[in-house]
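Below is one structure, written out as structure tokens, with a few remarks after it.
Chain naming follows the written order as A, B, C and D, and within any one chain the residues start at number 1.
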Amino acid sequence: MNFSSDNVSPICPEILNAIAAESESAALPYGADDKSRQLDAAFSALFGTDVCVIPVATGTAANLVGLSGLVSPFGGVVCHHHAHINMTESTGVAFYGSGAKLLGIDGPSAKIEADTLDRCLGSHISNGMHSVDPECVAITQSTEFGTVYDVAEVQAIGNVCQKHGMRLFMDGARFANAVAALDCHPADITWKAGVDVLSFGATKNGALAVDAIILFDPKLRRHTEKSRKRGGHLFSKHRYLAAQLLAYVQDDLWLRNARHANEAAKALQKSLENMGATAAFPPQGNELFIHMNDDLAQRLRDAGIVFRPWASIGPDAYRFVCAWNSPIELIKSLPQSIG
Amino acid sequence: MNFSSDNVSPICPEILNAIAAESESAALPYGADDKSRQLDAAFSALFGTDVCVIPVATGTAANLVGLSGLVSPFGGVVCHHHAHINMTESTGVAFYGSGAKLLGIDGPSAKIEADTLDRCLGSHISNGMHSVDPECVAITQSTEFGTVYDVAEVQAIGNVCQKHGMRLFMDGARFANAVAALDCHPADITWKAGVDVLSFGATKNGALAVDAIILFDPKLRRHTEKSRKRGGHLFSKHRYLAAQLLAYVQDDLWLRNARHANEAAKALQKSLENMGATAAFPPQGNELFIHMNDDLAQRLRDAGIVFRPWASIGPDAYRFVCAWNSPIELIKSLPQSIG
Amino acid sequence: MNFSSDNVSPICPEILNAIAAESESAALPYGADDKSRQLDAAFSALFGTDVCVIPVATGTAANLVGLSGLVSPFGGVVCHHHAHINMTESTGVAFYGSGAKLLGIDGPSAKIEADTLDRCLGSHISNGMHSVDPECVAITQSTEFGTVYDVAEVQAIGNVCQKHGMRLFMDGARFANAVAALDCHPADITWKAGVDVLSFGATKNGALAVDAIILFDPKLRRHTEKSRKRGGHLFSKHRYLAAQLLAYVQDDLWLRNARHANEAAKALQKSLENMGATAAFPPQGNELFIHMNDDLAQRLRDAGIVFRPWASIGPDAYRFVCAWNSPIELIKSLPQSIG
Amino acid sequence: MNFSSDNVSPICPEILNAIAAESESAALPYGADDKSRQLDAAFSALFGTDVCVIPVATGTAANLVGLSGLVSPFGGVVCHHHAHINMTESTGVAFYGSGAKLLGIDGPSAKIEADTLDRCLGSHISNGMHSVDPECVAITQSTEFGTVYDVAEVQAIGNVCQKHGMRLFMDGARFANAVAALDCHPADITWKAGVDVLSFGATKNGALAVDAIILFDPKLRRHTEKSRKRGGHLFSKHRYLAAQLLAYVQDDLWLRNARHANEAAKALQKSLENMGATAAFPPQGNELFIHMNDDLAQRLRDAGIVFRPWASIGPDAYRFVCAWNSPIELIKSLPQSIG
């Protein structure tokens, strides 16, 4: 069992079939094909409002291209210190943002709290053209520590953004897991709460490689498309991105996969706690951060379980990530099988 | 029949099977999986020298990331005015090159001639830190007008580059078609001729989406990997890029596909000439640029043949591109079927 | 006598006095001082319309910062191949323009002709997000070959720009020499002709170091000020830029200096022609490009005259530049003194 | 009396005379003149080692251009949160550094402590191409809070940098004040302590506008010169930068000016303390940060004293900056004159 990340999982059958089904015929390139032209409608239906969908092949691309329209070359993006865009995407935000700067803030379990954000933005003293003034806020849902903003929390952050004239970006590499955990409508934690742009992840949750930039503000389309092209992220065989995304949202596949992963994580938490581990954060999505002693860690490794130490939380901390195909029954039987 | 581009073709079966075969098990992300770790060896064998392989999902990314290590932020990339990097990749070279500038030159049928290049580089008057001095030459093989540099031509360009201290980049979006047309060893038109970096295209020739940056100079690896990551082109499920590439080079699939496309283009040329068209350039790869009158163009369209006008060559000019799956027998019978 | 450039000339007395006069008292930094606050009014009076003035210390900075507000990161700036921004400012346009690309066109004596520009813009085939589409036109007044656009020519270019939705930038490093040569109102060749931004040169014409970015569109102020600051061009002792500029435009000093330089160039042309040289272009401002034989060139050098060969015009071509302090009587007597 | 900043002070007589002396004759541009060619020798003598001097007109330019050669587009610059490059230079570090990122750390009175730095660098977990790894450390001497690193402190930081393979940059906008305060040789707190590049400020300490980038590593010259030119910071009348710098270091003018400013600051501290203020930090250079009550602040303002509130230190905190021309006797008599 490999819990090192959800990106170790393969393509799920429905999406593989959708790719294979595209392998019969010719189709126009660069998004002019039939499948690509269905994207806006499909996601507008899913979100209950008109959206513009710009697919790319990686979550980093979705974040960087998606953010690029929300901040000027002289502006700042407020995010949590532990945000993926701050920790794990090289200098990509400055690259796609022509110099834009990340402004890290703190908060429990990788979450920005609305009050903290309000204080931070309210106490920021602009020094005119000398200072980097915040122009955008970026949150991750579910977060880098496996926690989930509930509907009220996102709404509160959206309100703070509106109050201070900030655009709001959501890194949704694990958006499906958050929606599944909250059992809410996707609109509730996006445009209804003030999110301008969402990176809607599919890669980690069953796709081969596709994450969609969802624009809730259609005026962003032109810049975002140009940024995508210039970054080298416009697929010629664009239909293969579209086919993956359409299969992903058809019949709620995205939610079914996410619910499975979340359930697996809950089962894993229980099994690990039974063996003596303790959760570092209340796990809500498909990521589990736990503390355990060396002995337990070694026994798990000896049993072929793969997982990663997570030093930023502590020397005895580890991350386990479940996926759409994690074997729930095996997970439940871990305490017995490892003993 | 759709000849508007080779990128309208679907995935070929061997590559689809390779993708499907990856859908059984977990694998480490970001290139640490078994398939990805085979890439350097597979391509080193193919090229007959040690190479470093850095796969990305689009040809534009392969060009831009690949070039980024060969030119400084203050330097120039000499290319043909009609080069894809100059005409069709937005401001991508400056983006990935931190400001680097394209310096266009002329030449027949989208080819740079070694003599012209030598004169151009020899007559360039550097103005020190004021001027943009050439640091790199980029050629496309096969070219944007469907022609192919022969071995001696690439070697001559390589010699000029060496003489003037230039790095040499090759945009090989249709590299397979060139090798198939020349019936040469891939080494003959790359590292043996002085090419430092090659973008080795697979997407147009049967893959879903993968082009490989081939580094013949291992010292470029670190910069190129960092540039790929920052650009958002490092796949988490990297194995799917690797699987495509390994299938593509196994049992000469890349050359078989290219030979098929080239043969189809030759048959198409013959058929069109039989109907009154004339080739704008001697077609060598899988792209065909022809002149024809409105009547013939209309009859082809009426028969459901798809192709594109090509205004940069002339008002009566059109492009037809064949692919790995073009129906050669149908193409041969065009004069009869259209009448 | 040193004709290698007008930038070899020292500060003129009026401007030196203005600098010295600022050396008595304290003044607020970054443009909040009294002198700086007079700039907008002084130049609005000079141009006969409301302008915003943003001073920097070099002509390159004035061009690059000034252009940065007129073109997107994905767009092109049409200019003459011989334009200073294309030939002598490194990769600065892409740097300040976040990737923006120069698109060189031809024209006689370094001038863009309105008809050529119209054809070029009219025949440009946008390829959507793939291509770099022109967004701005940049002309130099007076030009890099010492010629001057007359009022009708600038107006015609302005009309073409308006027709095609282009912004219009003017590199006026030697703007004073052009106005002096044309004996026109500065409005006639700027905002009345459609110029959006002008770099108004003073450094070559008597200042220590200051060129002003003149914005005819006040909406550009915010971006331009931020770009100036980020580029490191916002002076703390801003008053010294302002003092130079105010002295430069007071009592028509700028025009008096320019008239002197133009007159010197005319005298020099006459003297050189008397000695057998021929003008490469009809000299209109303070720059003179001539053809002469080796013998004459050597005799001039032997007499201590400094000037520069200009290979881009021809092997027997040379440039002579006169300045605000060129010794006109000595110049007139050159044929006698050299013999 | 205006203590709002040292940049409100005018040019000092020696430097104004040097500028005026350059106003007699012609001189070659862009650093080829006699004065500019003396710079390397003059500063090599001053520092007791071979240095390369690259002058620019602002402190921000000196910092940004100077740093640009010490960090890759994917790397990080460790600095204090309160560093000028982090707080007051827009997104300039990312701009000149092609994306390079600032990594802020804490420390008392705007100083980085060697132990903290060592822990920070030692505990940094590189995530390969995903993370931004520190490549350079930047310190300010004297600091943004008016404190001064002593010789041992700089040496300790230099040792930590060497241990971790970091380059070391020093923002010396007020370097003279630090040397004057320490009464040390300038070598002791620069190259002997491991500093690679120093921005050597003159503007605030008596010049019109010039700060010199001092390269202790000559291999940085080429990149730094290209970066300066592209940024628009290469003066055509370069001799006026050189003349200022030569006058500034001749006969220890830079130290005499700095000693005066430091002495004025000490006198001011004493006067303010006599009136009830308390120093926020031990003042060492020419900047004074104090706490005082509203009543005292108002009485000072009523007496025509100009100074600035400094909210980042506290609601009752203010900054006073003395300069080369601050009236020491008047400052001493403040308690009497204000009463």
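Just so it is clear, contacts are C-beta pairs under 8 Å (C-beta built on N, C-alpha and C of every residue); 3 or more make two chains touch, one makes a residue touch a chain.
For each chain, UniProt lists the protein as follows: A, B, C, D = Threonine aldolase.
Predicted model only: the values in this text are computed from it and were never measured.
Undergrad: Fewest touch steps from subunit A to subunit D?
TA: 1
Undergrad: Can you check which chain pair, B-C or B-D, has more C-beta pairs in contact?
TA: Counting C-beta pairs in contact for B-C and B-D gives the edge to B-C.
Undergrad: Going by the average position of its CA atoms, which chain sits the greatest distance from subunit C?
TA: Most remote chain from subunit C, centroid-wise, comes out as A.
Undergrad: Please report how many Å separate the Cα centroid of subunit C from that of subunit D, as a whole number.
TA: Distance between chain centres: 34 Å.
Undergrad: Where the centres are mean C-alpha positions, what is the separation of subunit B from subunit D, in Å?
TA: It comes to 51 Å between the two C-alpha centres.
Undergrad: Round to the nearest whole Å and give the separation of the Cα centres of subunit B and subunit C.
TA: 42
Undergrad: Residues of subunit A touching 2+ other chains?
TA: Where subunit A meets two or more other chains at a single residue, that happens at 73-74, 89-91, 95, 99, 129-130, 226, 229-230, 234.
Undergrad: In their shared complex, at which residues does subunit D touch subunit C?
TA: Contacts found on subunit D: 2, 4-5, 7-11, 13, 16, 19-20, 22-29, 56-65, 89-92, 95-96, 203-204, 208-209, 226, 229-237, 240.
Undergrad: Which stretch or stretches of subunit A touch subunit D in the complex?
TA: Answer in residue numbers: 73-75, 87-91, 94-95, 99-102, 125, 127, 129-132, 311-312.
Undergrad: Which bits of subunit A are touching subunit C when the two form their complex?
TA: 72-74, 98-99, 129-130, 225-230, 234
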